[in-house]
Every structure is written in C-alpha cells, then in structure tokens.
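In the two complexes that follow, subunit A is the common piece, with subunit B as its partner first and subunit C second.
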Partner chain A sequence: MAAVTQEKQYTPSLLSFFVYNPSFGPREGEEEKKILFYHPSEVEKNEKIRNVGLCEAIVQFTRTFCPTKPVKSLHTQKNRQFFFEPEDSFWIVMIVRNPMVEKPNKDGKPPTIEYQEEEVLDTVYGAVLRQCYSMYKLFNGTFGRAMEAGGVELLIPKLEKFFYRYLQTLHLQSCDLLDVFSGISFFPLDKMTYLKIQSFVNRVEENLRLVKYTAFLYNDQLIWSGLEQDDMRILYKYLTTSLFPRHSEPELAGRDCALRPEVSGNLLHYGRFLTGPANLKDPEAKFRFPRIFVHTEDGSEELHLIVYKAMSAAVCFMISASVELTRDFCERLDALVGPQLTLLASDICEQFTLNRRISGPDKEPQFKFIYFNHMNLAEKSTIHMRKTASVSLTSVHPDLMKILGDINCDFARVDEDEEVIVKAMTDYWVVGKKSDQRELYVILNQKNANLIEVNEEVKRLCATQFNNIFFLD
Partner chain B sequence: MSEEHYLELCENPVQFEHASSVNNVFFDEANKQVFAVRSGGATGVVVKGPDDKKSIAFRMDDKGEVKCIKFSIGNKILAVQRTSKSVDFINFIPEYPHTEFSQECKMKNASVLGFCWTNWNEIVFITDQGIELYQVFPDKRSVKLVKSQSLSVNWYQYCPETAVLLLSTSGQGNVLQPFVFRNGTLSKMTKFEIELPVVPKPAKLSLSERDIAMATIYGQPYVMYLKHHSRTANSPSAEVVLYHLPREGACKKSHVLKLNTTGKFALNIVDNLVVVHHQSTQTSLIYDIHLREPDCALNTHQPVLPARSIHPYRIPLTGPVVVPSQPPVPCQLYSSSWSVFQPDIIISASEGYLWYLQVKLPPTVNLQQDKGKLMDFLLRRRDCKMVILSVCSQILDGGERGSLPVVATVFDKLNQVYKEYLEAEQMYTLAMESGPSRNSAAQKRPVRTQAVIDQSDMYTHVLSSFTERKGVCHKFIIAVLMEYIRSLNQSQITVQHYLYELVIKTLVQHNRFYMLHQFLQYHVLSDSKPLACLLLSLESTYPPAHQLSLDMLKRLSTANDEIVEVLLSKQQVLGALRFIRSVGSHDNVSARKFLDAAQQSGDRMLFYTVFRSFQQRNQRLRGNPAFNPGEHCEEHVVHFKQLFGEQSLMKAATV
Partner chain C sequence: MEGDVHSKGRASWDLGNLPHVEHLRIERPDSPTPDLVEGTEPGAGQQAAMFVHSRSVEDLTTEADRDAESRVEPQPVADGDPGSCETLGTSENGLQVEEKIIEVVQAPKESSWAESRTKEEDICSDGWRSHRKHVFVLSEAGKPIYSRYGTEEALSSTMGVMMALVSFVEADRNIIRSIHADGYNVVFLSKSPLVLVAVSRTCQSDKELVRELQYIYYQIVSLLTLTQLNHIFQHKQNYDLRRLLSGSEHLIDNLLRQLDRDPGLLLSAVTCLPLPSSYRDAVSASLQAAKAESLVFSILLAGERLVTLVRKKDQFLHHMDLHLVFNLVCSSSSSFREGEGWTPICLPKFNSAGFFHAHISYLEPASELCLILVSTDREDFFSLSDCKHRFLERLRKRNAYQALKEAVKTPSYSVDQVGILELRHFLYKSKSSGLFTSPELPGVYQSEEEQERLMGLYQELHSRLHHSTRPLLSIYRCGETENLMAWLTSGFELYLCLTPLVTKVQAVTAVNKLLKWIRKEEDRLFILSPLTY
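Up next, the complex of A and B:
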C-alpha cells in the first residue's frame, strides 16, 4: 500500500532552448534559416519551425500591447517560456517544464499529474536566460560580431559548440534568488593584507607588461578586479561555478599531488596554471588559453584568460589576444608569480584565521540570510552551502526560497525603501528589507515569536552584521 | 661628465700667514685655533679660528723657540711650551697681571711631550714618564698639582670632544692607555692593545701616532687605527680598524674598513662618515659604519661609493692687491704639506689655509645605483632632506624610473625613520603627560632630523607634481600612490587625508571608478568627513559614490547631521526621520528642515506623516502638540490646515 500512495515529485527541467533571428528567413519556405540553434537537436525539423514560429507570433502579438517592453515570459499549465532579445532581432527562448507531482491512482489507472505552475519564478529563470547569453558573450563576443566576421556559417557552429556544453551545466532545479542577483562574494580582508595584494598585482603588471588586467580571488571569493564590474560579474560566475569546481575535486581527492611543490630555481612554490598548460615541464605542453571578451570604451576586446593558482589564492591575468603566448612567457610568469603568490596566500590564510579567532565562533551568524548590494554586486549568503560544479545546495526548504524570490519581485517594482515580514506556513518568519540599493532577506525559525520580536531580532542582526554600512532600520 | 665630487673644502677657510722661516704655525685641536707665531712671538702672534672672522693678535717676548702654544678653554690663559722641562703661562683675563709665570714638570729627568687644556684653568702635562694634572690660578700666578700618574709614554693623543687622553706605552707602542678628564678629576680607563700586522723582532716602537686618531662617530667614541699592509703578514691591502672606546669597560675592536689599496692615508670624520684620503691616487673614500653589508663579514665595510677626489678648489686672490681680471689659482689638493686633524680639518700650513671638509650629497645620487643602499646612506646624513626628495622624484620620473619594488623599498626606508620619530615623539608626550617629575631628566624631546620625511614633504615635493606630470601612465601613478599608502600602513602611520584625495583625484581623472569603489570597500582609504564630502561631490559622475559616502558618514558616527542633510537633499524625508529616530536624536532635531523638505516634495501624504510625527513629538515633550514659536513652523501649520483642514490638527489634550 505504501508504494501506491507514494507521490513522485518532479523538479523544473529544461524542455528546450533555441536561438533564432526572424530576419534571416522572412519568406515562406525559408523558415529553417531563422533557427540558429535548437536544443534538443534531435527534434524534428518541422516541429522546430513550428515552435520558433509560435514564439515569433507571441512576440509579435504582445508587441501590440506594449511596443517598448517586449514579452518576457509565457505561463502555461505545463511549462513556462522565457524570451530574451539580447541583440537586435536575435531572440533566445528557453522553455522550462513546470515542477509537478505525480500521484499514483488505484486500479491501474494512469497516475494523476499535478503541475505546480506557480512555483516557477519569472525573475529567477529570466536571469538564468540572460546569464546564458552573458556567458556566451564572454567567450565568443556578441552574435553581431560573429555575423560580421563570418556570417551565419560562423555563428551557427559557435552557438552549437558553446551551448551544447553549457546547457548540460544548467541546473534549473537549484536556481534561486542568487541567480537573480548574480552577485560577487567578496573575501573579507584587513587593510594591510589588501594593500599587499595591491602591491603584488601592480608589481606583476609592471613586470609582465603584456598583462592588461588582473583579478585576484581567495577561497573562491573576489578580492581585486582590474576588470570593470559587469565583466567581472560574469567572469566571476564562470570561475566559481565552472572552472574552480572542476579543479577543486582533484585537489580534494589526491592531496599530495596538488600540494607537491614545484621546484623552480631555489624557490619552493605551489603555483600552477588552471587554464593553459597543466604541466610546464611537459615538452608537449600547449600554451593555449581560453579567450574572453570584455567591454572597452569603444566596443569590446578579446583577451587570453590565464588563471593561476597557489593554494587558495587564484589570480586571473588577462592579456590581449593579439599576442601569441609562448612557453617562455608562461615560464616567466610561473617563476615570478609562483613564489610571491604562495607567500601571499599563506599570509592571507594566516590573517583570516587570526581574524576568525578574534571574532570568535559565537560571532558566526545563527541567522540565515541573503544580502545583496546592487552598487558593488556584493553578495553574502548563509543559506547556501559551498557551490560545486553540479549543484548549489541550500539549507532551507524550497518553499522559503520561493518566498524570498517573491519579496524580491515586490522590491523590484518600486524605488522606495521597503520592508516585508512574512509568516511562512512552517513556523518560519521571512523578513525582507530594502534600503537604498541594498537588499537583505532573513529567515528566522522562532515558533511562537510575534511580529515585534521578529522585528527586534532583525534589528539585532543588522546591528551586528551590518553596522558599518548605512542601512536604515 | 656629471658632477661626481662628493667631498669639498669649505668655501670660507680660515686664512692665516703661511709657515715660513720667520713664522711658525701651530694648531690647537681643542679650540680649533691656528697660531701664527712670528719670530718667537716678538713680532706678533696671530690666533685665528675656529672661523675666519675671529682672530686675536698679541705680542710676547721671544724666549726661545715655541714648541707648542694653546689657549685654555674660553681663551682665558695662554700656555706656551718652549723647553722640554716646563710650560709658561700668560694671563688673558684683562684684570689680572699679564706677566708670564712658569711651571716645570714634577718628575725628575722627565721631558714634556706636550700639554692639553682640559678646562679654562686645568691643564695636563704629558711627559715621557707620565701625566701631571695641574690647576692654574691666574690671579696668584701660581700652579697647583692636582694629580699625577707615572708610566712610560711614547706619544699621546687627546680628543677634546670626549676629553679622553690616549697614551702609547710599551716597547712597541701598541698598548694604549686611555684617561678621561671629568670635573677636574682624572680617571684611568681600561688599557687595550692594538693588533699589529707583524710583531717586530727585536721589539721596537712600531705603532706611530700618525696611524692613530680618535673621533666620535654616531655619538660613540672610537680609536681609529690605520693598519698598513705588510708583505709578510697575510694582508694585501691596508685597512682602518676601529676600536670602540666605551666609558665603562674595555675597548674592543668593532669595525674594519677595507681600503683595498696601499700607500699613504689620512683620516677625517665628516657627518659621521669616515673619510680616508689616499695621497698617491689623490682620491678619498667614505665609509659608513652603520651601513650593513650583507656580503661582508660582520662589521667589515667596503667604501660606500667609488673613490673620488675632493672637489677642485680655487684659491681666491684677495687681500690688499686685488687684480680683478686675474682668475683664482687652483689649489693643489692632497698636497704633502697638508695636515689633517680630527674630525674634519685640513690645514695647508704652506699656503696658510684651514679648511673644514664637507660632504656634498647631490653627487652621491648618481654614484650609487642601488637606491635602497643610497637611501640608507642618505638617511644618515645631516642635510639630506632635499636630496632624498629629489631621489624620490627621480625614481618616479621617465628616464631613470625605478621599478615598483625599488619604489617600495625607498618608501619603506623613509617611513621607517618617520615612524621611529613619531614613536619617540609619542613616548615623550606620554611621559610629559604622566607628570614631568619622574624621569624628566631622562626624557628629552626627540630631535627631528632632516631624515624625517613626512607625508606633507612627500606630497608637496614629490607626489603632487608626479601625479600631474604629463605622459606618465595612470596605472603607474596609482601603483605608486598605493605603494606609499601601503608603506605608511605597514609602519602603522596614520595616512593623511590629502593623500587619499590625490588617489581619488587620479582615479576619477582616468575614469577608474570601479577601482575607487573597491578601495573604499576594503577601507584602504580611511573614513573621514572631508573624504565623504568628496565622494558626495562625485555622485553626478558616479552614482554609487552616494552610497559609499553615506556608509562612510555612518561609520564615522559623528556625522549624523550630515547624513540628515544628505537624505533631505534627496527628498528622502521619511528615511531621514527614521534615521534620526534610530540614533535617538529625534527630540532635539529642527522640525522645520523636515517639514520644508516634505512640503517641497509635493507629496501630501508625506507632509501629513511628517507633520503628525512632529506633533506627536511635541506632545510627548511638552504635553502640547503645537510648535514653539522658536521653531518657525507657522507656515507649515498654515499649509497643513490648507491641505487637511483645521480639524485634522492634533489638539492639546484637554484636562
């Protein structure tokens, strides 16, 4: 009997994802030309054309109601479609299947399926869609750029190559408010150590003149970015959700292999390349690095992305793509940066543990909160566990995450400072505060607390955690 | 070739009548006076020194050849030695009789090697059999023996600065016995032995007085020994060995200066540098015993800079017959007729000049490529400030630009000295505050030497012009400023806010707002009201500056009024009201400001809320919701009535 009453829960999942440009096949019979990318690729051609056509129609149709703001999403019982026009006439559409519950029926009847269409948040998946484009642009430049360089013949394979892999890494079931913010976690650091890092970055840039921009991270948290904010935001996303997790696993698995110091000259150091050559000594080593595109005052520029890591400190060096990177350069970089970075990393580690000891374990927040500042994209969450390549784990129930998302939507509607306090079904209190450009979401688990007590509790949190910023009560 | 002579003779030498068959010249190291004695004094004695302006002229009877002549301290009594048995005295105190009187040495068969004044009326005779300390009574024209010591003496040296008399004893002369004179007493210090390069057999006098000199370097007394090379011993070149002579305890060998050559040398001390003149090459070397050299054994020193000659010197033709067209005559430097005295005196008796030797710092800059070592050297010199600042400018400038590590090293060295001074100053202030009674004698106000280069010096002379210089990459400018700030922080020196302003100005000029944002985020630019105001002014070009500024004002916790002004200026009246309530100053804030802002916003509900909030406050404070006349809110009351009617006004509670 137990097996019969068992319900089956399905999380939201990706149904399809496509990129099209209506201007590429305006005439009848040429519809296929509009489609630049379609996932899943095995879908039959006519169905692809039908689906794209439908989207086109929806976009056209909704335009009559509001010509300035194009359609963003379409809600249906089974799924939700997200529309995004990142560049003129280029549309990206993502179709997400709503989460559902499968309830088995007696007597061999097919199970009843209940779609939970309200569980999906437009803001979250809209942000995911925009991020897909940003990530494509980071590694490939704009669609327009590919069109200029080689037309559709160039663009299509680029899209294929990128999205084929990227879509596999989308984990729609674990997307939440943090995807909306797409923020940057900054590493807390004392002034002196920060200045040492500054000094290190400046010296390396002076010594290796090719290096145009540098970014410095520790423990997957940002400390310094020479890139502008928007570029750093997406690069940070790439580093923390893709590159670092990929490399952290072998580190954890085989400790001694990662910690075997490279002996170069007399200096012992732990530096190694995360992009480019895995082993400098290897005579077959290839000196090819990923290329990224960043904004400049007049358009964009293409750069080599060198990511170099020693212990928990990672540095990104960005070098104009017009320069060929050689073994000699990499060896020079390794010899220069390796020892210094090793030293710096242990300095930071020492400072960090020292500060922790001073502040004491009781200062560790007992609150679950998410903080985000739109001005510097600083994000802090005690709700999320450490991100891995596959999933971002949260320590709270998805229902609560949904409430956070809802409050965020409310905040987005008005400019004024606001405060929202919600009593959730499960004895939880959820508080959202917005002050100027900052947002704070707190989840409290106090069974018999009343509104006043909850308010006091949040005030206390603000006083301890955010006493050095201007955050209105 | 650029100017490289880092030593020079002073511009205004002491001039005297040069030595000749009729004119004998003597020099007194204690008073730094040159005596020109013509015909044994009968045709006049002219005393000049310590500078060219001071001179004394007199006559004395020619009673035989003068061997030594010196004034007591303060020119009170003149002592003249004419024989090997006695010294004659002449009063120079106007009211006392001027007739000479004389004193023979006490020890039988002893011959007087010389004498030294240790005070205005105390004199010590050095004989080959010992020393005799006398007190001279000019009024009575008598002399009284205070103390004597007998020991066999080869030769002696006297250092007036420390009042230490050094006697050479023993057969080889290398056992030195120092005595110190203090408050009319004579005390024996521990004797010590100079290591000779070779021990002669049979024993004979091997240590010459010419090879020994006494001087004070960095406030410490030293005996300097010029150790010539010897073919037999394992010493290929000459060296100067310094023996530290402490007030208490034994004299110890402390430093060795490697001369790397052989020949005839002479020593001077200038600005705590040991200057070694080498006659055959006509060059001089300088040594700084405080400079550590990593590649040398402990306390072995190489010259700081390559050997150079003293700056060429021209003797101006002055005097009664000036021929204007005639150029000054070049002076022969390192002449064999030169005599060198401690610490910094060079005398050419044959030409009649006394010079003080000086160090010129600007040429040293180009001779020492290692800027770190150069700074170590310069920071210990007396007139170093402008030279140091010019080096700082130089390493930031295009042609000879230093790399960032070099810049950092230089900054660190400057700030180390700066920090030490600040700490000493702070200790002194603390000691003064805790009561001047205790340790007041021990606590002296620290002297600010030229080596203390503070932030305002750097700002005025180096950084402000550097940031404005055309053609310098802004990356480098910012890196240098950050390096300076880092260095200050490392030395725990509070950074002045004008340096932060310079950083902000540079970043803004080059549109590096995100960089600025990050610096502020990590509090690299420390909070201050001026900085917060500067940020506010940037809001129009960089909107996030508004938030940064408010955060800063909040952290200062003394800027609540400013925060209210900022919020009201943005018409965030409710926010301002909430803020003022959260900091607990709701009761004494001016209602007018808030009501003005609310009225200007044109938002009826906002005005209503603010108005009622203040009415409630009035009620709470005074038991009456009405505004006091002093608050000048009449127009707002009228406005409120217009909007909401008389009946909406809160009425005073009727009893």
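Up next, the complex of A and C:
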C-alpha cells in the first residue's frame, strides 16, 4: 500500500516536430501536401492535418495584430508550441510537452497529473528550434535550394534523412541559457603560441591551394577560424556536440600528456582524419567527406568538410565541393599536417600547463558564472561540466538556471546596460550584468550575505576574470 | 521557520481573532526586519484586518463561490427580486425586468462616456493595431460582448476566430493560455460562460495579464451576478450580452485605465488618504454610530483613496470587491454628485450570487468625499439616507470634518517628505492590513507615458517576486534611467525607485531609512484601528 504513494516527475519532452508550407496544398482535400515532414511519423494523417491546421490558424490570427510579426510560441496547459518561419512560407513547428508531476491517487483512481506550465522557457526552446534549422542548412543548404534542384520530391527525403537522426540527439530536458547564446568557447592562449598556429594555418593554405577555409580547435575550444561567425557558430556546435564526442580517443584520455612519439607506420605523428577515410592505408578507403554549406556574398557555397585531428588539436579544412578529393590529396595532407599538428598540439599543451602553474591553482569553481559576448560569440561557463554528446551537466539547481534565463529575457527586451541582483527563495543570490554587448551571470551561494557583500564579491570576480569590463555599479 | 509563523498568523487571522498576534503587537519594533511576524509590520491594523486579503494574486483564481461558502452570511444577500431570476430567459419580459435594474447604474453615464469612447476605428489600420492593450470579451458561442477599441460588429469575425482557437485546443482536453509573438502577447482566460482575451504590447507576464482579465470578468459579474450570467447563457447560448451591458462599457474602460495606472490593483491593496489618526478615528467612530439593520459596509472615499471603512462584525470585504466599488464610483462620479444614488451591486468575491444595494452620495456636491453604504435590503434606501445624515451630523459635531476636508485638499505627500535624496518613488504594502502607501509621482514620471513606464517596471518586479515556481525574495536592478529595488518579506512588500547613479550602499541605507519613516508615519498613512458595527 505504502509503496505506491510515490510521485513521478516527468521532464519536458519532444511531442512532435513538423515542417509545412501552406502554399503547397491550398485547396481543400489537399491539406496533406502541405506537410513536408512530421515527427512522429506514425501519427494518423488526419491528426497531422489537424495540428498543421491549428498552426496555420494561429499564424493567420496573429497577423490581425501585426502583419509582419506572426506567432513565435503558443502556450497551453499541457505543452508549448514553437513556431519558426526560416524561409518564406516554410514553417517549422516544435511541440514540447510541459514537465509534469504524476500524483498517485488512492482507491485505484487514475493518477492526477499536474503540468508545470512555467518551467519551459520560450527563449531557450525557440533557440533550440532555430538551431535545428541552422544544422539542417549547414548540411543541406536552404529548403529553397532543394526546391530549385528537385522540388518537393527532393526536399521531403532530405528532411526525413536529416531530422530523423537529428531529433534523436535533442535533449530537451537539459537545454538552458547556453542554447540561447549558442556561443563559442575560445581557448585562452599566449601571443607566441597563437602566432605559431596562425603561421601553421598559413603554411598549410599555401601548400594545399585547394583549402578555402581553415578552423583550428584545441581541447574542443576554438583558436582560429576563417569562416563567417554564424557559420562557425553552427559548425562549432556540430563539432563539439556530435563529431568530437564520437571520436574521443582512448589513448589520449588523459589530455595533458607530453609527446610520446611512437612509430605508427613510417610517420612520427598522431594525425588522423575524423571525417573521410578512417585509415589511409586501406586500399578500399573511400575519400568521401561530408558536405557543408556556408554563407557567401551571393548566397551560399558547398564545401567538403575535412576534420583532421592530432591529440587534442583539431583542424577543419574546407574545400570547394566542385573539386573531387583524391587519395593523393589526402595523403599529401596527412603527410604535411600530421607531424606539424602533433608538434603544435604538444606545444600548446605545454604552454597551457605552464600558464596554469603560474596563475596558481584553478580558482574558478569558487565562482559559478556564465559569460557571453555578442560581438565575437565568446562564451564561458563554470556552471556546466564538460559537454558530452548527450547531456550538458550543470552543477546548479535547474531552478537557478531558469532564473538566469528569466534575467536574460529581461535584458533582451531593453537595449541598454543593466544589472540585476536577485535573491532566490533558496537563499542563493543570482547576479546578471549586461554591458556593451556582453552578458555575465553569477550564482553565489552565500546565505547570510547582503546586497552590498554580494556586489563586492561580483566586483572581485570581474576584476580577476574580466579585467573590469563591467563597470556599471 | 519563517513560513511557519506566517501561516499560523494567517490561520488565526482568518478566524477574525488574533490572540497571539495581538500580543506581539504590543511591541512594534521601530524598524521592521524581514522576520517580522505578519501583523506587526508598519501599517498593520491593530485589531483585525479590514479585508479578506491575500498575499498576492493567487486568490483571484480561486472561485468566488468557494470564498462565499466559507463565510457566515448575516442574511441571505441574494437579490430581493425573486421573480427576475426565475423568469429570466423564459420570457422577454423577464429580461427586461433585469435590464431596468441595471439601468439604475447606467442612467447617468451617457454624457461622460459617449465622448471618451472612440469606438469607430478601422480594425485594419495601424492605429488600431498599435494600441498598447486590447481587451476582448466574448461569449462561448463566439458572440462579441466587449472590445476596448473598435466596434464589436467590426470585430465579430476576429472574436469568432478567438473562440475557435479556444475550443480547438479544448477538444484535445487541453487549455489555451497564450500566444507570444515579437513585441506582443495574446492571453486567453476562459471563465465559462465568458471568454476574455487580452492582446498586449506591454512587458507584463501572462500571469499579470490574466489577473487583469480576472478583474474585467469580475466587473461584469458585479453588474449581473454570476447566477444571472449563467442563467442567461444556459437558456440561450446565443444571447447577445451587450443588451444587458450596454451603457456599462465605460466601467470596463475605466477599470482598464486604472489597471495601467493604479498600483493598488497590482498589489491587491488599497491606499488611504493620509490623515492624523485622531481625526480618522473620529470619522470611523461617526460612521460606526450611524448604523442600520441592513448595513454591511460603510465606506468613505476621497477620490480613489480610502478614508475609512466600517464593516459588520465577521464580514470582510475583499480588496477586489472594494476596487469594483471604487471603479463604480469613480467612473460615474458626475451622477452621484447630484444627489443620492441607489444602485444594485454584486460584490463577486463576497457573494457572486446576489446583489447588494449601495447608497452612494458625495458629502458635498463639489467635494471629493464620497460615502458608500452597502446594504442587503433593496427597500432600505431611506434608512440608509438617514444613516448618511446622522453620520454627517456627528462628523460636524466632532469637528473632524474640517480637518478631513483640509486633508482632501492637500496633495497626498511628496517623496521629499521622506528625506531620502536618492529616492524617487516607492510602493509599500502592509500584507496583513491589505493597505499600501505611495507618494505622489515626482516630476520625472508625471507624463502619461512615463507614468505607465514606471508602472510597467513595478509590474515586472511584481511578477518576478511572485513567480509561481521561482519566486524571489528580493530584486535589485540598475538601469540607465533608474535603479529599482523590490523586497518581499512575510510582513510587507516594498518597491523602490531610486536615482540611476545610486550605489548599493546608498540603496540599502535608503531602504532602512524609508522603513523607519513609514513606521513613524504609519498612523497617518494607514488605518490602524478599523471598526465594526
């Protein structure tokens, strides 16, 4: 008897996700033609049509009040529905079920379900939806491109192929403020080493004329990129949440190791391809690389994406898709880049440990903070543990993360510098600062501190970590 | 621990006697601290609270009926017009009887509201679209009942779509709450048999907008009673409620204006006319003495501020009901100035099933002072009229009248009187008494735009403090135009607006100084000894 009285908590989850274009089935009876993709696919046809119909009605309804800015989200008791029109008349809709608590009832009555309606933040999930599209676009180009190339018959399978897999990697329960920023974590580096990397990039681009763009990462953090910011942002997201975690190297599990040259084949390096051929020596090896689409002045261009990694250093080489990549090219690249990158990686590693020793032991965990710079997309969080492919773990209570989200919403509304300090019911203090395109959020656990002490504490953080970027008192 | 004390205080207070809290009141500390027990903060009444009052906005969502059930009724307050409810809907005659009753309320308005309502608007124009806040009321059949801007006729298809959206989502055993777009929100509130919709370009949260829609809903109930409202739609789903409400739209219009401006509606509290306590007590005592058998509440208003309120023992007035009374008086002031008004009014939080009858009159035609005597008896006009005269007589005798008139004439008080240089404006609410105080708006916030902006800032702070799952204890916010501070304790709720360059040290000092000042002035700013008959 007593054992059943357990409450059950459900996290937010993906109910459905669909892409439609109302102009594809304007006549009655043709509604199904509007639907280009629908997840879960096993939903009955009429139900699909019904749900798309509601979305259309709501878009239409909001146009009564503002013809140019239609709906972004619909709140209902049970779920949240997010709308995004990335290209003319193409709508992507994501429905997220609100978190809920199931409370068992006595006497065999069905359990009571309580929906927690304020738990899902619009800004966070709106950003997740936009990211879905950006990721699609990175690998497939725009919807319009597919339509031009082969009409609906081409677009539908493309959507299915991409979203079928991508949606499985969405972990809605652990989305937070970092998804709103969708920033890039930069690797802190001294000038000397930075110049070494730059000259390495120049040398490679000089020798391999085909390489159009290069990006250099260390330890999953960006050091150098020749791509446009927005392209790099989504490519970075792909690399750090999908590609790298899939290839974490067992032999380099301890990251800060010195160079231990071993003879592998006849080359003295650790370099290997993360995309393309797994083993160059394999006579069967295929030299096919993923294609990506990046912005150009007049639209977009299609590129091969070569990701090459040696120890903790990874380099992306992007080459025009019109060129066919051969075994010869890959071998040249491997021979040129492999040894240099191995050397460079161990240089960076040494430099990094040295710097750490000088600056003393890691003091960061004392402050839990998130920093984001809108100008260069730089982001830094001491709240999040290392990102993995599945979940991003945070070291604070989810409610506090949502308070950060609330403060971020307030900041987004007004285009001026602001500072907010709040004391939550749990006696945590949360501080948000916005100054000149930069945002900083700090969580302090000092139950008995007062406003003045909290302010002093944050000032100290700004002085040590951010060279007093934030001066607003 | 803190919460514990709080809830104990609340429980006993609800019962109307407060043994242990009263004991605590003997020592009222000089400067309140966050661990004050509710009932000892500045502004807390000394005997018992005047209103059925709640901590925040949650109670607005509880059903009025339940509220009424939990209280003992002195007499049945159901409308003394037995025929009207029964015959309603069965014959057109029945409806007309009701309409006449309401006309008493409406008769005087024509002049005042006709010019103020600019209904004829092109609903496809940018002007119509760019209104800060639209409010629509419709029936569950999708029939327009009220629109703040534009005629209901022009909007009937839009309202039809609204209803369709509500029922479409309902068909999934779900409830539509709101639609969010860049720069505006649409919020829905289903209160069978009505549906209310707000389209707002303000920064208010959904919860705040729903609260405002609740006010509008109760305003309509207050004109008709819930019983009658349900009755009408049960018999004729398609009924055009505008027939019953026509002429009362200005009440809703005015309430909406107040919601944008009056912090009392935000705080669920009422503000008082500053008056030395000796004079206020004299006024209260005079009101107390002028009682009648059927009298439940006697309320004396100065404009939109409360002078005093005397109630029947064990009967509490909900702040929402009081705001509806305020709204009735303020939106039709010209009519009651002429003589004595006698009007049915339903106080929905007290009892949504029946009408009270209110005797409304100004003490002098040119005066701001308005007396409202709420009675359960429809036929009691003359005895209430007599009450008024007895009250006036006593008031004059005690020569409190002159002081009262003086107080009405002088402006409330300016923030300079507090003597804190950095302080521009504040709102302070005593939780246990349900009263708040606030200085006049300083020059910077005098314009209508700035006034609404400041209210918007307070609204944002309020909704963050009272967030349903992530409530906050305090907020400090520095901006380029002002610094704001909000603080919620078990005893009070405080909002400060400070100059933009103030430091946190100065701000903390300002709060302490302000609380001391309020404690010092509390017998002038609040009603500390409310009376009962």
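Couple of notes before you dig in:
Note that the second predicted complex is superposed on the first by the 440 of 473 C-alpha atoms of A that agree within 3 Å, B and C clash if a C-alpha of one lies under 4 Å from a C-alpha of the other, contacts with A are read in each partner's own complex, and residues count from 1 in each chain.
FYI, a contact is a pair of C-beta atoms (placed from the backbone, for glycine too) under 8 Å apart; a residue touches a chain by one contact, two chains touch by 3 or more.
These figures come from a predicted structure and were not determined experimentally.
By the touch criterion defined above, A:402 lies against subunit C but remains apart from subunit B after alignment on the C-alpha atoms of chain A. When the two structures are aligned on the shared chain, A:117 is found in touch with subunit C, with no touch to subunit B. In the superposition on chain A, contact is made by A:189 with subunit B only, not with subunit C. By the touch criterion defined above, A:224 lies against subunit B but remains apart from subunit C after alignment on the C-alpha atoms of chain A. Applying the stated contact rule after C-alpha superposition, one finds that A:42 touches neither subunit B nor subunit C. In the superposition on chain A, A:417 makes contact with both subunit B and subunit C. Put simply, more of the residues of subunit A are touched by C, taking subunit B and subunit C as the two choices. When both complexes are overlaid on chain A, the residue A:153 reaches neither subunit B nor subunit C. Once the two complexes are overlaid on the shared chain, A:324 sits clear of subunit B and of subunit C alike.
Taken together, the two complexes place residues 417, 472-473 of subunit A in contact with subunit B and also with subunit C. By the touch criterion given at the top, residues 54, 57-58, 60-62, 64-66, 69-79, 116-119, 122, 399, 402-403, 406, 410, 413-414, 416-425, 450-452, 455, 472-473 of subunit A touch subunit C in their complex.
Across the interface of their complex, subunit A is touched by residues 123, 129, 134, 158, 161-162, 164-165, 168-169, 172, 174-184, 186, 199, 203, 206, 460, 464, 467-480, 503-505, 507-508 of subunit C. Taken together, the subunit B residues at the contact with subunit A in this complex read 403-405, 408, 475-476, 478-479, 482-483, 485-486, 489-490, 514-515, 517-518, 521-524, 544, 547-548, 550-551, 553-555, 563, 572, 574-575, 578-579, 582. Residues of subunit A that touch subunit B in their complex: 186, 189, 191-192, 194-196, 198-199, 202-203, 205-207, 223-226, 228-229, 373, 375-376, 378, 417, 436-438, 468-470, 472-473.
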